[in-house]
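Below are two complexes that have chain A in common, paired first with chain B and then with chain C.
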Partner chain A sequence: MKAAQSGAPLAAALETFGAWFLAILWILPLAYALWAAIHPSAYSARFVLDAPLTLDNFARAWTAAPFARYFLNTFLLVTMILGAQLVLCTLAAYAFARFTFAGREIAFLLVLLQLMIMPDVLIVENYQSMSALGLVDTIPAIGLPYMASAFGIFLLRQTFKTVPRELDEAARVEGAGPLQVLLKVYVPLAKPIYIAYGLVSVSYHWNNFLWPLIITNSVNTRPLTVGLQIFASSDQGIDWSVITAATLMTSAPLLIAFLLFQRQFVQSFMRAGIR
Partner chain B sequence: MSPARLRTHLHGWLLLLPAAVLLAAFTYYPAIATVLDSFFSTPRGARPSIFVGLDNYQAMVQDPIFWRALDNNILYSMSTIPLTIALALLMAVWVNGKIAGRPFLRMAFFTPTVLPMIAVANIWVFFYVPGYGLVDQVLGLFGLPAHNWLGNEHTALACLIVVAVWKDAGFFMIFYLAALQQIPPQLREAAALEGAGRWYFFRRVTFPLLMPTTLFVLINAVINSFRLVDHIIVMTRGGPDNATALLLFYIYQVGFKFWDTAYAATLTVVLLALLAMLALGQFLFLDRRIHYQ
Partner chain C sequence: MHKRVIFGSKTLPALLVLPQLIITAVFFFWPAGQALILSVMREDAFGFTRTFVGLDNFRQLLSDPAYFNSLKVTAEFSLSVAVVGLTLPLLMAVMADRVIRGQGFYRTMLIWPYAVAPAVAGVLWGFLFNPAIGILTPVLRSLGIDWNFVVNGQQAMALAVGAACWNQFAYNFVFFLAGLQSVPRSLIEAAAIDGAGPARRFWTIIFPLLSPTAFFLLVVNICYAFFDTFGLIDTLTQGGPAQATNILVYKVWSDSFRALDLGSSATESVILMAIVGVLTVVQFRYVERRVHY
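Moving on, here comes the complex of A and B:
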């Protein structure tokens, strides 16, 4: 190692340069969006240091489309999905981890199948189901296909399996029923996994686009992603400043949360990925 | 069966029931209905749906856009996947090492992951605008002429590939980073004592140890390449001349722009078959990593 370090300072410098170059390339779209959003449109493609600053683009974007309503819709959607996922996946994971019942292995394999065949590709039939249920253009219709998440069940099952049986049995000896054991023993011990799963789920559904685009058709149900797309593709002319301001606005909550809690985000994505 | 055992069975199923109902309604039922619907015609107005056998499949085989979309998707997958994985690994090695400005690098690489694809696609559109977009501005500095990147059949798909790689590399970096941190430092020390170079060590020790992660990332990258078409809707709408139509985008177009649901179901069968093959592959090759009991 020593030889490599002192013998090849040029190689090390080149590597640092490469890493920084790539990082700057990676941050460039965001940096550009920020530049265009805080300067008047005349400067959206002219990069001069004395360009005047303005927040006007944000104000114009905010009033040009019902973004407040879109924010509310996305907030409701994400909360509803996460709430349902936490309950459903906890119960199912508990069943798979600690109960022996007929057909358990088959049922578990069927659950895992959803990791491959995700609701994202079943849009045609799911639209027809929602239509038959009279749910088209409602917020629950956006969330329903995602609520029983195979990923969540799998993740929690793996976690519940690491809980020592003794804790479980001790609680049962004290007269706790299965649900009380779940709430008192398993759920508290799995807290980091819940946080990890929550972050992954919220960012996935905050960003989800195709299914919400298909199933919604009014301002009162559209989430931010769909609202942004309609805003950007309608006749805004090519006012990049306003579009980038709207773009930043819709990504801001996640982006700010990420910048503030970087470590937790990265660790959550790691935890959720390594199974 | 004793009452106690019967109760465990019952409890198990009751706990599973809510999730099972939703999975059945929105994953298994639609998957099966897709296959069934592909043998029927699309109901139109007063004409109800009738059994047409393999007609939809015959139409599909003769549909040049279907073949174009499949070709595009294969090209798209074969380019995004290796590029994303190679970059993710490179980023992870950098961020895991003693490089200057590590926190900034990690933040820069990971940020695209938390941004909505739909939002960043809008920004990328600007990069590709002919003439005054950022790409042409930079190329202009070197005296290169303006080019209609997204409007040209030969460059449009490549532009989308760049966006996809940019979006996912940082996400997969995380998994490599986690795996790298689990490699015991003694291995490196031992290799250094033996006089092994860094590249040699990477090739013979690190890379093989990362194999399970690479397989995991590979599966996810393949799924993503068939699942995510948001950027296509924003940037090209499949054009020009279907040069950027991927399979799921074409399904969306047929199902929700042309409202030919039976044909959209037939196309979905192809996509499901591809994903099922992948699932089977994972089941056969990767299963050893996952402990079911």
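Moving on, here comes the complex of A and C:
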């Protein structure tokens, strides 16, 4: 192989060039958004090195729409969904993995069936249910349909099944009840799966759009994605530099998280990426 | 079996699964049942009585040119996203496997766009390619393309496919890269010694070993194109121009929340559910096979 490579240094150089060219092409939309956001709008299409830097676009975006509130809403939403998912899925997965009870097979079949139904397909019916429950335009309404994640149950059940029975029994001999065993034995052993699932869930719901768009209609509940869509589509003469600043601002937490925890994110998507 | 005797209580497991079952019942099975029932019923103009009409609603929907168009657009969109969205990451993964210097940085550049929400990607791409002020519009025009995706359906479709692939790229890339790195080096080197060139090595060794990954990603990408791209379509093209990018999930939404045509939206939901069902079964059988492998 070495002989082949040194025989064609030009080909190797071309390949490296091609690889970097494509990668730069890929980052270009974000790089350009950054350029437009940190320069005055007069420079958004003029790439000169001495273009003055400014944070003015961010400041204008921040005051032009209630982004602080949107951030809070998204934060509450994501935390609430993840918290509920972890509790509900852990309990159910524990039951499916380690108990025999009447109707277990049927209940698990229902979980598998749920894997096949996307909440996105049932928006009309779920909207009607929410309005019957009086929950339209509340943050819990955005989260509720996602809280009993079939995928989370499935993933945790598989993990709990790999926990050696001996550990379970040892804890019981020492007098631990079933819930204590769950908390002291199963949950700690499944930590990597919890982290993987958590990262996937947070990034999915941070970016989710369709259901929040339908079920919210006020500033107090709207998450960032919907807030940004409204901000970007309102023709109030806002210039694009401000819109790109808003775009970067709403994506910033995830972009930074991806940068810092790239390895963990990649592993999570490999482990739990199916959703 | 005697171990389970210690577990004692019979009510405990029921209590453990109950909260999850309640949520599933209320937000999955109840609405799914509602949609199924509505899809075979017809309401009178005032919503007082419902009559069973069998598959009439489906027949009517499928003979509706707008719906047929949406089916066609969805097929075109999801196939393009799947094909472009799989070949390009595969190519880049092969390259990334070879780029030795600056590997970490290289990967970060490729993975970053995945952190951007589809709805936000739509805003960003809409800006880059804006017919009036987009930075890339003059470039395309200088290449002789009369770029205006706001009126040209084909261009709108191409742009939506591009944005969707850009957004989803990292996911496919990561899986391909992991797949590539698990291909035994000795196998490749043996083939190289036997005189197989890079192209031949790729097609006869690497590609067959990657094909399970590729198949898994194919299903994931089709699901992505079907549902998760809603936000992208909404912020980029709103299903237009002239319904050229009106994919099924966008049509369900606009029929029910803009046109308030709830009868037809139930039928549309049922068709979508059937499509996801088939995709999930296919994927699940594959995952099972991989587990037993």
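Quick note on the criterion: the second predicted complex is superposed on the first by the 255 of 275 C-alpha atoms of A that agree within 3 Å, B and C clash if a C-alpha of one lies under 4 Å from a C-alpha of the other, contacts with A are read in each partner's own complex, and residues count from 1 in each chain.
The rule is simple: a residue touches a chain if its C-beta (ideal position, glycine included) is under 8 Å from a C-beta of that chain, and two chains touch if they have at least 3 such contacts.
Worth saying up front: this structure is predicted, and the values here are computed from it rather than measured.
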item: Room on chain A for both chain B and chain C (clash or fit); value: clash
item: Touching partner for A:Glu105 - first (chain B), second (chain C), both, neither; value: first
item: First (chain B), second (chain C), both or neither touched by A:Val124; value: both
item: First, second, both or neither for A:Asn220, with chain B first and chain C second; value: neither
item: First (chain B), second (chain C), both or neither touched by A:Leu210; value: both
item: Contacts of A:Thr79 with chain B and chain C, given as first, second, both or neither; value: neither
item: First, second, both or neither for A:Arg165, with chain B first and chain C second; value: second
item: Which superposed partner A:Gln180 touches (first chain B, second chain C, both, neither); value: neither
item: Touching both chain C and chain B, counted on chain A across the two superposed complexes; value: 1, 4, 15-16, 19-20, 22-24, 26-27, 29-30, 32-33, 36, 45, 88-89, 91-92, 94-96, 99-102, 104, 107, 110-111, 114-126, 128-129, 144-145, 147-148, 150, 153, 178, 203, 206-207, 209-210, 213-214, 225, 228-229, 232-233, 240, 243-244, 247, 250-251, 254-255, 258-259, 262, 265-266, 269-270, 273-274
item: Touching residues on chain B, where the partner in the complex is chain A; value: 8-13, 15-16, 18-23, 25-31, 33-34, 37, 87, 90-91, 94, 99-101, 103-120, 122-124, 126-127, 129, 132-134, 137, 166, 169-171, 174-175, 177-179, 188, 192, 197-198, 216, 223, 226-230, 233-234, 248, 251-252, 255-256, 261, 264-265, 268, 271-272, 275-276, 278-279, 282, 290, 292
item: Sites on chain A touched by chain C in the complex; value: 1, 4, 15-16, 18-20, 22-24, 26-27, 29-30, 32-33, 36, 44-45, 88-89, 91-92, 94-96, 98-102, 104, 107, 110-112, 114-126, 128-129, 144-145, 147-148, 150, 153, 165, 169, 172, 178, 203, 206-210, 213-214, 225-226, 228-229, 232-233, 240, 243-244, 247, 250-251, 254-255, 257-259, 262, 265-266, 269-270, 273-274
item: Chain A-facing residues of chain C, complex; value: 3-4, 6-7, 9-10, 12-14, 16-17, 19-21, 23-24, 26-32, 34-35, 91-92, 95-96, 98-99, 104, 106-120, 123-125, 127-128, 130, 133, 135, 166, 169, 171, 174-175, 178, 189, 192, 220, 227, 230-231, 234-235, 249, 252-253, 256-257, 262, 265-266, 269, 272-273, 276-277, 280-281, 283-284, 287
item: Chain A residues within the chain B interface of the complex; value: 1, 4, 15-16, 19-20, 22-24, 26-30, 32-33, 36, 45, 87-89, 91-92, 94-96, 99-102, 104-105, 107-108, 110-111, 113-129, 144-145, 147-148, 150, 153, 178, 203, 206-207, 209-210, 213-214, 224-225, 228-229, 232-233, 238, 240, 243-244, 247-248, 250-251, 254-255, 258-259, 262, 265-266, 269-270, 273-275
